[in-house]
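Structures given as structure tokens follow.
Paired with chain B in one complex and with chain C in the other, chain A is shared by the two complexes that follow.
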Partner chain A sequence: MAKLAYLKRIGATPAIFLVLALIPLTGIPSYQFYILERGLQNVLVVLSLVILLGYTGQLSLGQAGLVAVGAYTYGILCVNYGISPWLGLLAAPFAAGLVGLILGFPSFKLKGPFLVVNTIAFSEIVRILILNNENFTGGPFGLNRIPTIFNGLPLYYFMLVVAFLAAVGTLRLSRSYIGLAFKAIRDDEIAAESMGVHVRNYKLLAFVISSVLAGLSGVFFANMAGYLNPDSFTFNESSTYLLMVVLGGMSNAAGGILSSFAVTSLPEALRFMARRRMVVYSIILLVMLRYTKVLEIENFKRLIRRMRPVPAPASAPAVDRDEVNS
Partner chain B sequence: MGFDTILQILIQGLNMGLIYALAALGISLIWNATGLFNFAQGDLLTMGGFVMLSTFAHWALPYSLAFVLTFAVMGLIGYLLSRGYFFPMFSQGLHPDIIIIGTVALTVLIQNGILLLWGPHPQRFSTPLGDRPVHLGQIIIMPYYLWNIVIVLVLVAVLQVFFKKSIIGIAMRAVAQRPITASLMGVRVNQLVALTFLLSTGLAAVAGILIAPIIPLIPEMGGPVALKAFAAVLIGGLGSFAGALIGGVIVGIAEVVFATVVVPTYKDVFIFVILIAFLLIRPRGIFSAEISEKV
Partner chain C sequence: MSLLTATQLTKRFGGVVAVNEVDLSVGSGQICGLIGPNGSGKTTLVNVITGIYKPTTGTVAFEGRPIHNRPPHEICALGVGRTFQNIRLLLTLSVFDNIRLGAHIHIRSTLWDVLLQTRKLRQEEKEVADRIDTVLDFTGLRQYRNELARNLPYGRQKVVEIARALMARPKLLLLDEPAAGLNSNEKGNLITLLRKIRESGVSILLIEHEMALVEALSDHVFVLNYGKKISQGPFSEIQRDSTVIEAYLGRGGSHA
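Coming up: the complex of A and B.
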């Protein structure tokens, strides 16, 4: 019984991952498979933002910079120093976490747009450093022939397992002491502080957890592409990640995972529009943002409740009819 | 380094700085009126440049007419954006972060819209003063440097008079300070906030017009320029008129000085380091505006 309650609490996430595990078995074409892989890689960044923005309320537009730190740490260690990809897999999130720790300090003082600009500046600094240190990073020519952990289908399932663990972790975090402390900070920093939450430490922790996930996503990016270029980690990437989280409901992990796949595949689905595709894509995103209130999961639940036939109005029929009509 | 070089650097830096200042001023105005930080300012700037390209370079209208037309078109776009997009979001009581992300999504739309309408090739047009450099001793001055500096200074003077003397300007400042009190005094707050959006995009458009002779227009140029404008507005003090100007000039000059004296590849990093330092040590900027209590 306790197991069932637990399943109910983590909601749709296991079902989503089950579907994700089954899709490649249907033998989809390689292009669609690639989009699926990209979506899965983005899931990790989205989860990182669910924790940072959704739980803790810290807005960041520097996520691409952290993904870049992870990807390049992995790439440089494996290519330039010949370190085993498995060690790279461990080192990259660690490096991203350290950078995230530094990135977290300004959040003590800064809020809202001030913090956002700070994260943008950080992300740009990372990009410029990558671009100009050709000996290490290959600069604008990129980093080539990166050794991979797995390839093709095994890589997909490896990513799936990691993403699933991250998703379950995110969901468990939500109800844990740490997660509640994060949410307390989001809702009212001063009240949280007075209730004994060490605001600074928890903010740093949120940044570090979030950066580790983003760094991990970077490792997967390097594994999928086998090639790294600073153009893959721009402001546009950061803003896409942010949009995914917001459209997924900000603190809703399952929603974030779904919207990660939706937003990743939307430009591909619009490919038939050729040159107009990105304009249509951005208009769709703007309209969805405009109606985020309508898209909230609660509204769908209410809709389903309304569509359900009213069970035998024995006690108070008048109230029920009101409910149906409203 | 001789005196000439220093002067040369200063003129160049001042010129870029004043352009950043215009964009920063637009951000500051919207922040004061609504508490919204407009991340699309850089792309509105680019779009202003491209509208000017059509009216001035392609349709061959006189410079002044094309200038006014560009200001009007972009102002209208800002007005419609606020009325049709941001106002409904405000009135729904959406989380402010979502509205900020709306401006971020807007950057994607504007960039790709420009790409669709004007194509990816770098484009440029000049000013009525032409492109022949003027030699003053050792100093080489491009005529558009002078043109830009004069235009911005005139514009700033006009804005000052507008905010201090005109009834609309005074009402705008009232809305920025105490929206509820302003509405009690008979100010139509929504109308004035929309006008603020109009003015802000108009200023971005002017910055776009002035930047085109210096940096060729490309659809993606908005991002890097916007980052300088963000730096300018935060260094100067968000919400302050003088802050935006001074911040812009500081950023412009710091950029050119670093590029000439140290190394050009890291000039942006230098600006961001100054910005982060300011955010950490003095988050309210040089001129902490007394009214921007929306932190």
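Coming up: the complex of A and C.
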């Protein structure tokens, strides 16, 4: 019984990562492997949004800008200054975190749509700065021949370990008093500050943690592609990240991880449809959104229960969903 | 010695003077009532004391220290707890977590403790959990421990707010209409609970329309009307004060 409770407490996340660790051993083709890598890279951004949007309630549509800051910090340091990729790996999330700190300040006064517009503007500014500082970033020609930390399979497992640590950290954060303060800010800022939560500091903390994760994702992007171009960090990317986190159930880390793989691979799986691809893609996403959060484990279980008619069990005590099932 | 002292406190919103040169003090171990007709500025006064609003003029001192320029989270950390007229619980979270939020100001663990799950954090979390159970027993909410806050009946939600405020170990508790919307049974329980809270050494400033409650509990009563303090004293005196009666019922007598 105690063992069962323990399993329930650690939840779905380790299982997902175990599967992810086993998939490459089946010898999947390199293209599918690449999609898997992209999904893993997106997991970090989704976790960053789970913390920022899911827990703290601050909607950002500028995550691509933060990914770009991480990727370009890594790229510029390694290419232009010949710094070791390992140092770049440390410097990039740090730079992204610093930028995220600045990005967090407007959240003191701006709420809802106003904050969203602000984050969109931020990521556009980042993109345009990259585009126009040609001798620094390579501008529209991009940044070439970026040295990597690892390649191929070792890179995949390295990303997997980092993503796993990030997921565990996110879950620990969620359960802790810090996560509680984040959720208090999300649900009722006045109640939060009246109970002693330093709302501004916690908002900044959420922005910084979130930016560090997005910056890490940028480093991985640079490692996978070996080439950076401002077109990889557009509003389109930011909205896809938002879609992933919403499908995953916003404050649910495990759901977010699943949906980041689902949303990354869906357009690829539909590639055989050629021109109708995006139409079908959109329809599938709409259906998924309609039957909201199918990817949330709890809802998935409910769906299965509904398919197998059984007498309704006596109402179990309700528990905070995002804590148990992640 | 008085715990909370407000001196010549004024709050203006544009042309509206919501609180007008109010003097008020709550002594240690006292339950003070704050009454007045709707719109007389009671809630605004509480919001000024707890730092949600900055006073236009005047000062608030808590244990002799000025607090009127401090933000709400610092005022909370000094020992001023509060509940809200319109319940402000975290409805998506459990009762346990709602009360846990009250312990926020006492937590010493850092972000690193959380990420590394250090012994310090686990020890602290255990202490908090134990204290939550004590508070749950104290307020009679034990059976709702793992229930989502939004699934509780209204009267119970109000008690959860009080429990959350108690969790912070306040010296002074500001209760904004705790009895509004309660049935007579729940009101009786509330009186017992508030007496227990006072016995545990917490002073209370009680905003209330329910006169039976104010009469049963208050050592001292302040009466507001149109933002001004029109009377103060023990309930029995207030009850006979003609300005108070006029504020509530209008000028009468001569028409009769």
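Methods note: the second predicted complex is superposed on the first by the 283 of 326 C-alpha atoms of A that agree within 3 Å, B and C clash if a C-alpha of one lies under 4 Å from a C-alpha of the other, contacts with A are read in each partner's own complex, and residues count from 1 in each chain.
Here, a contact is a pair of C-beta atoms (placed from the backbone, for glycine too) under 8 Å apart; a residue touches a chain by one contact, two chains touch by 3 or more.
Since this is a predicted model, take the numbers as computed values, not measurements.
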item	value
First (chain B), second (chain C), both or neither touched by A:D187	second
Chain B versus chain C as contact partner of A:L205, first or second or both or neither	second
Residue contacts with chain A in the superposition, chain B compared against chain C	B
Which of chain B and chain C A:D231 touches, first, second, both or neither	neither
Touching partner for A:I178 - first (chain B), second (chain C), both, neither	second
Touched partner set for A:G196, first chain B, second chain C, both or neither	second
Chain B versus chain C as contact partner of A:E134, first or second or both or neither	neither
List of chain A residues in touch with chain C within their complex	169, 172-173, 176-178, 180-181, 183-184, 187-188, 190-199, 205, 317-320
In the complex, chain B residues that touch chain A	31, 37, 39, 85, 88-89, 92, 94-98, 100-102, 104-109, 112-113, 115-116, 223, 227, 230-231, 234, 238, 265-266, 268-269, 272-273, 275-276, 279-280, 283, 295
Chain A to chain B touching residues, read off their complex	53, 57, 59, 61, 105-106, 109-114, 116-118, 120-122, 124-125, 128-129, 132, 234-236, 239, 242-243, 246, 250, 275-276, 278-279, 281-283, 285-286, 289-290, 292-293
Chain C - residues contacting chain A, complex	50, 52, 71-73, 76-77, 82, 84, 88-94, 97, 100-105, 107, 109, 111, 114-115, 117, 121, 125, 128, 146-148, 151, 164-165, 168
